[in-house]
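Please read the structure below before turning to the comments.
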């Protein structure tokens, strides 16, 4: 599936039960709308991949979409815990979650290896820590020139890579700028990809630290203004810090969480309705 | 040596006889002025590193600056041979040249490994070719996960990395745009670095496909307008295709070459005088 | 938490003490929270050329308000450069370019090893913590590491449930066998005082107390028998300028946050986009 | 080189024949010279959505004049994206995304192996050629490779002095043992005709002759006993549109070059900069 479609179609067509799915965006441009659509379509048994599982992963995990989680830092940035993630790991609710954990550097290298079509990447790290004891996907490799030993990590090849970007043009090229994180590598390492964007434009203007993904690298594109809320879209809207704080009590309680998700996500048709429903209720209410 | 200095000072201070020196710029932003300054200061025994040795390497080799050459493609693009390079390899003139040759992919990976502070990089390539038979710096490595075998190449860490860029600001940040090649990795992999720029500006404007090297990564900066001629500086001046063609007969003949270098490079104080001298003589004359 | 007459909180004391550890001109890898406050306080006071690197990819960030996350737009806006995530780890951290890395911790042990992964058994943890993030490689590759965490028996433990990031392993020259680029944690700043590793054994030693705190309090709040230096110094309390600057920074941050009604603005924007 | 009545050169025939091999919409890795002409001719005629990738990092390049080097500014100006060199090799070529790679050669052998390194002994060569460049990995990873070179005994040799890039090694399934991503050279276009590998043995076989050329000429110009297909087709001569488009492309290129007086403009610019 290529070109510009609705997010509902993109998810229905490209994401299947049991897939490994990476939704990336490092604090910036987090693809919230796509995560909600995955919840709405009640996808199951997903292996969720993400350096920094945050609210959207808390939501997908709490709603039972995930069988596994591959990650490097799972918290609510600046606020505290991801309670649904913790409940899954600590109490197996709504069901147990297999976890595979790395450091940020390890995850970044895994995406780079995937985008480079190499089965592994090498980095300075992990030795001396307990991570290799609990994570199978860390193994030593020796430099054939210096004979030094390093740790290797295997490539990531998500079935679906999902990102949010500021703009797409009508040829299907995608532009993002500001903090661009690992988005390029996610799209290039994935077997299929979905990009949600703030808007379609005729032509990209030069922007500071801009990354342009050429159309040949991009799968489905869906226009979803605001689709990164509560994270931000540089040049469009700021981070909704209040929402991250408001999430803490919502996520903390199973019933409050479930009710909130039913009202705002399952009970709405799309992201615009979700935002509408949040505004009407007031953010802080559980 | 940090900050903004003259090119003469930068080369005198940072480049020494016997150094390994990488002057990079992939068809675009080739640091010609810096190469000429190396010739003027009669540096010797250099190991010259560059993916695409072109006219400036022909000149440094022909003037006896080089002991060795690490490269992947040595020609006059769109014209033909580099005759000084060939004369050195085929006839040992002005003296023999040790060569270490790779593919472009191999060289690019070597710079990336250098910039990443890893002793080696891995790629899909080389197997089946004769390159591993003549180049020691290619060795097999096995993926610890899949057990597949790949070829590895060792990191490059030039003593000095030299590039040309469009702009620097007064804090010493450097901006280049258009085709940005391997320049970032050269500066980051090198022990010391020199950047020549077209001009100093107060602030960078966003440009398409721009790379900004932060000041902490950059060594000496010298302002040399036109310093990439006969290659080009995107947004400043185009490639001088006529000069590349005119170089063929000059480079072909030892005496013509030597005379030309004496008149235009050794006989001038700096790059501005060199351009002046070329204009006065007319490009085509040997 | 205000410490009475001096009119500053223990958090403020921690932040000020950490800021003072930063020399001007250093390249500093910053996490969010107290470390970010400390680094920005240093930049606003004695270390104007302190170069802040955030793991989101911003190099030479110059935030005017304190970021809430390590990837706020504020950080990219005025940075010298912004690079993709793979580069910040491979080209910047892994090369040993970073002079100082700031880390927090849920638990540390006497050799400044760090746990941010789990409390209890890994397979069925009592508390699942966020995990490693950038910490293991910061601890490995930054030339030195400044640790900041509040003193308590829950945090300062005899044995870590999990070693997420390495300090000095079991002390002495154990760390050097790992061929890490960095020297390891050179200072631990708590709400009670400052600990530094013993030059030989690398065991954390209380070398300094903040005003009003006692060595006894620190011993009480430590889960192992805490070494205390023969001569324990006293931290200078935050001076007027430090306190004023820190509070101004916080006020600016709060004001900036109050101004934005993100959700309402977004709602209006989406409505407008639909009409088009 | 004009072939008389038909009024086209053998180079033009080669370029047109190569252009015809490109299907619309393919992702094509282009070198400079005839390949670039062919790819741009295809884009201007039957394959408007042919996506040109140059090893300098330009993806979806849309040059309006023919570039002189694989890194001309013209290529970056209208590209969909421009990526650094490491990415073009790691993220684009090495992934097997490229549908068609164009290569030239100084020498090829009967199994379409390629030499662009040396003639004679490697240590003391008779002719030192430019070397590998991007060719070994294009030959390895592009889904198919189109080879373009003029037919002569110097170029079509019994044994290569050096294997720079792999075609089919010694034929049959030898290539598959290398676990390369691409199928290898699927066509060799010369000034006399077109050769394709035998499906079983992979030996290059003359399957098509350009108008006016004979199998005898091709045999004469080949340094091994050339296999000729039972039925040798004849290439359609360049049609009006192909010739017209190709020549217009060349004229535009020459005009663009004549316009620029780079050195004089640079001289003026430097003079002006000095006065400031």
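Going by the order they are written in, the chains are A, B, C and D; count residues from 1 in each one.
Keep in mind that, in the parts below, a contact is a pair of C-beta atoms (placed from the backbone, for glycine too) under 8 Å apart; a residue touches a chain by one contact, two chains touch by 3 or more.
Predicted, not measured: the structure shown is a model, and the values here were computed from it.
Enquirer: With one step meaning two chains touch, work out the least steps from subunit C to subunit D.
Expert: Minimum number of steps from subunit C to subunit D: 2.
Enquirer: Which of the two pairs, A-C or A-D, is linked by more C-beta contacts?
Expert: When A-D is set beside A-C, the one with more contacts is A-C.
Enquirer: Centre to centre, by mean C-alpha position, how many angstrom separate subunit B and subunit D?
Expert: So the centroids are 26 Å from each other.
Enquirer: Find the geometric centre of each of subunit A and subunit B from their Cα atoms only, then give the gap between the two centres in Å, rounded to an integer.
Expert: Result: the chain centres lie 40 Å from each other.
Enquirer: I need the residues of subunit C touching at least two other chains; which ones are they?
Expert: 81, 90, 94, 181
Enquirer: Could you say which residues in subunit B touch two or more other chains, in rising order?
Expert: Where subunit B meets two or more other chains at a single residue, that happens at 117-118, 123-124, 148, 184, 208-209, 212.
Enquirer: Going by the touch rule set out above, what shape does the chain contact graph take here: line, ring, star, complete or other?
Expert: Shape of the chain contacts: other, as it matches none of the listed patterns.
Enquirer: Chain pairs in touch?
Expert: The complete list of chain pairs in contact reads A-B, A-C, A-D, B-C, B-D.
Enquirer: Considering only the defined contacts, which subunit C positions touch subunit A in the complex?
Expert: 32-33, 55-58, 68-73, 75-76, 81-86, 89-90, 93-94, 117, 122, 124-128, 130-137, 140-141, 162-166, 169, 175, 178-181, 257, 260, 262-267, 269-270, 273-274
Enquirer: Which stretch or stretches of subunit B touch subunit C in the complex?
Expert: 115-118, 171, 173, 184, 188, 212-217
Enquirer: List the residues on subunit A that touch subunit C in their complex, please.
Expert: Listed in rising order, the residues of subunit A that touch subunit C are 26-28, 51-52, 71-75, 77-78, 81-82, 85-86, 89-90, 101-105, 108-109, 111-112, 123-131, 134, 148, 178-182, 184-185, 199, 208-209, 211, 225-226, 229-230, 232, 234, 236-244, 272, 275-276, 278-279, 283.
Enquirer: For the complex, give me every residue of subunit A touching subunit B.
Expert: Per the stated touch rule, the residues are 117-120, 122-124, 137, 139-146, 148, 150, 152, 154, 205-210, 212.
Enquirer: Show which residues of subunit D lie in contact with subunit A when the two form their complex.
Expert: It is residues 27, 51, 59-60, 79-81, 90-91, 94-97, 181 of subunit D that touch subunit A.
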